[in-house]
Amino acid sequence: MTGNVLIVGAGPGLSASLARLFSSEGYAVALAARDAAKLDDLCRETGARAHSCNASDKDSVKALFETLDAEGATPDVVIYNASGRTRGPVAELDPDQVRAALDVTAFGAFLVAHEAAKRMVPKKAGTMLFTGASAGIKGFPQSAPFAMGKFALRGLCQSLARELHPKNIHVVHFEIDGVIFRDDRGEPYDDPDKTLQPDEIARTYLEMARQHRSVWTNEIELRPYVERF
Amino acid sequence: MTGNVLIVGAGPGLSASLARLFSSEGYAVALAARDAAKLDDLCRETGARAHSCNASDKDSVKALFETLDAEGATPDVVIYNASGRTRGPVAELDPDQVRAALDVTAFGAFLVAHEAAKRMVPKKAGTMLFTGASAGIKGFPQSAPFAMGKFALRGLCQSLARELHPKNIHVVHFEIDGVIFRDDRGEPYDDPDKTLQPDEIARTYLEMARQHRSVWTNEIELRPYVERF
Amino acid sequence: MTGNVLIVGAGPGLSASLARLFSSEGYAVALAARDAAKLDDLCRETGARAHSCNASDKDSVKALFETLDAEGATPDVVIYNASGRTRGPVAELDPDQVRAALDVTAFGAFLVAHEAAKRMVPKKAGTMLFTGASAGIKGFPQSAPFAMGKFALRGLCQSLARELHPKNIHVVHFEIDGVIFRDDRGEPYDDPDKTLQPDEIARTYLEMARQHRSVWTNEIELRPYVERF
Amino acid sequence: MTGNVLIVGAGPGLSASLARLFSSEGYAVALAARDAAKLDDLCRETGARAHSCNASDKDSVKALFETLDAEGATPDVVIYNASGRTRGPVAELDPDQVRAALDVTAFGAFLVAHEAAKRMVPKKAGTMLFTGASAGIKGFPQSAPFAMGKFALRGLCQSLARELHPKNIHVVHFEIDGVIFRDDRGEPYDDPDKTLQPDEIARTYLEMARQHRSVWTNEIELRPYVERF
């Protein structure tokens, strides 16, 4: 085993690719999602253990980490891969849905970083990887909640990097600029030439997790070669 | 009267300067703060009306705008000047305080933009001014909540600008980079040579509110001449 | 007279609007252009004096400032408004034209800042305004030379601001994001609703030149309300 | 052989690490430097071939590529690693030295991209890697020429990426934020804990060169874990 990895916001797509790759590289993988049952197949395939967790609830996140501690699976690497969004003209958005989206995209990332830092700071080691989006660099129209959440996530990652890098904890924000391939959702997800391949994203996550601390990246962008930006 | 202006997050400092300047330029000024009583002196001085409002509560913000509607004071210009923060190592922060800070800095700004847009979009006119900070450009260590809130605010402003500028509604994000002068708080607030003069900030807000739509600014930064950045 | 202003890269459009506005506000205006003869009408209208200058030639820029010194017209405000560009696929560009474009857009701006700083630093006062473009924020395809020149200009302005603001010299980079109105060039320059009005740009330049040093702006963006960005 | 790589601006430090790593991975390595003789040891060690080239001279760069063509060594990967700088208060800089610095840092990068694009576009394949610096993100005081050059380089890389990514040519700008380790130059270069290890930088260059086109990075930053930013 090269360490324990926790993937929060697990599901099909990127999280599954991450689970497979980190598992194949010798990591023990823990998956956390609101509905852990849907992760059964992935667990069988990768040897991962699944945990139910509401990432935007402080008690649920705390309990998740305590469970991992008890199992001897305190994470060396955490990956935050959850996000929420609601779209529409700003005048027509539902404030409750907006707040719920912010809670998942940004506040949940804070909660996971908070619990992870409690454990990594005393150990003077660890890695935190956060899945951002182009919406964290540029706020698009009719998408204020996603812009707010992903900008907040990037602000979090910059603050964490400046605070935790000198404590030997590596923090990376991945700007995923484009649509991640999914073969079960139709257009525009199913065009392999215009989307990000989740296995390839995962490879860059792994490489970043392995960077020597003399060359740590805080921000990196990934996009399909045909993506306009 | 040149119009109605609403200042949310009113108190001493910048909001008082804004109230004085916009009032002297002929605007009818409404002030909103959690504790409206503290605004009595400012109201007497500027002829402003004060309203109690919890900016991060959707019902409170909705009621504020309905009161203004009933008074014939539906705002032509809204200024969002509220923010919350809690500081410390990420492992030691109190999640409830973090969420409360995000609610004031970012979600409240959304709520005010939401109610304002409901009224401005049909009128095809309006101005929204948001007080940001250098923390919205760069995430500082031990200050994750402020970074998250002010980044989210900037994401909101970019999304709003791209959505609302073509609808003739001007959205400006002011990056206030430095400490605003206050003579009642001691160092570092009381050094007039190292701080931002609130009357001078207000002047730039007014100028931005008056920009012709052929040259609308979305982002502008203000800092003292001696500020390191 | 409220001071001397020098506008480098003078011609019709923005420079003419700047000359008119600063002149009407009491400034003595000097204009510098490769071909000074074309400025006769503008000089008659504004009382400005025109000077021939090749902004990317160090001796020419030096001579310009020495002439102004001799006339008692050493500038309190310099405005750099010259740029060059050549477009096309990177493989097809002419290197000599690329270098010439960089020289005008960026190196000339340095030369003017260099001569201005020689005079402003000892006086502990002055203002430098630089006309940038969206190409200085985002590099567009088939436009590498303009991206390089305008990025370099922004880098220059940031370096100057960090060096000169504490010396009481104000440096502003204006990101002009869009097409400036011209009624003599056809589409897309002649649509008053989709272009930047040069008189309105000039107004913001003047306001920035007048900012109190407690609230100095280094970067500001201006764009038409309908511009996509 | 997995391909031909050309490293421009070769010398000790990063270029040597790149030559060793790419060579060990099966690439045929060509090195270009103003003084090719100094590369003898590196050539012996890596099997690389050295070429004399003045990167800021269009004829010299053209001749370099034609020599490589004749040798069957037309590059599949080009790495631009040259830069020039001169420091000091803007009023005291020597304009000729400033122009020379810009020529090496930015114009030379254009010339190499120009010649490389001529060859890669018809082949519909290729990789261009450019060594940037924090000075390309933030303009530091008393360092206007380096800010101008490295900003221009970043503008070039963004323009190239938007133009060439859809043509299957990958362009990466590396922001090297910090000092690269050198054991022959004393402080601050010789502290292995505060500097970037060139072998580790090279590893990230290689990984970026190998990215699948569905996840191409255009900008990535690398810095030591203790670096302030």
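Note that the chains take the letters A, B, C and D in the order they are written out, and that residue 1 is the start of every chain.
What we mean here is this: contacts are C-beta pairs under 8 Å (C-beta built on N, C-alpha and C of every residue); 3 or more make two chains touch, one makes a residue touch a chain.
This one's a predicted model, so the numbers in the text were calculated from it and none came from an experiment.
S.K.: What's the overlap between the neighbours of subunit A and those of subunit D?
M.R.: Where subunit A and subunit D might share a partner, there is none at all.
S.K.: With centres defined as the mean of C-alpha atoms, identify the chain lying farthest from subunit B.
M.R.: The chain lying farthest from subunit B is D.
S.K.: Hey, how far is the Cα centre of subunit A from the one of subunit C, in Å?
M.R.: Averaging C-alpha atoms per chain gives centres 45 Å apart.
S.K.: Please work out the Cα centroid separation of subunit C and subunit D, and write it as a whole number of Å.
M.R.: Once rounded, the distance between the two centres reads 32 Å.
S.K.: Of all residues in subunit C, which are in touch with two or more distinct other chains?
M.R.: In subunit C, 162 touch at least two other chains.
S.K.: Make each chain a node and each touching pair an edge, then name the shape: line, ring, star, complete, other.
M.R.: Contact pattern: a closed ring, each chain touching exactly two others.
S.K.: Taking the top-of-page definition of touch, could you list the pairs of chains it picks out?
M.R.: Pairs flagged as touching, ordered by label: A-B, A-D, B-C, C-D.
S.K.: Please output the residues of subunit A touching subunit D within their complex, sorted ascending.
M.R.: Touch residues, subunit A against subunit D: 162, 165-166, 168, 170, 181, 192-193, 195-197, 200-201, 203-204, 207, 211-229.
S.K.: So in the complex, which bits of subunit B are touching subunit A?
M.R.: Those residues of subunit B that touch subunit A are 58, 89-91, 93, 95-96, 98-99, 102, 106-107, 110-111, 113-114, 117-118, 121, 135-136, 138-145, 147-164.
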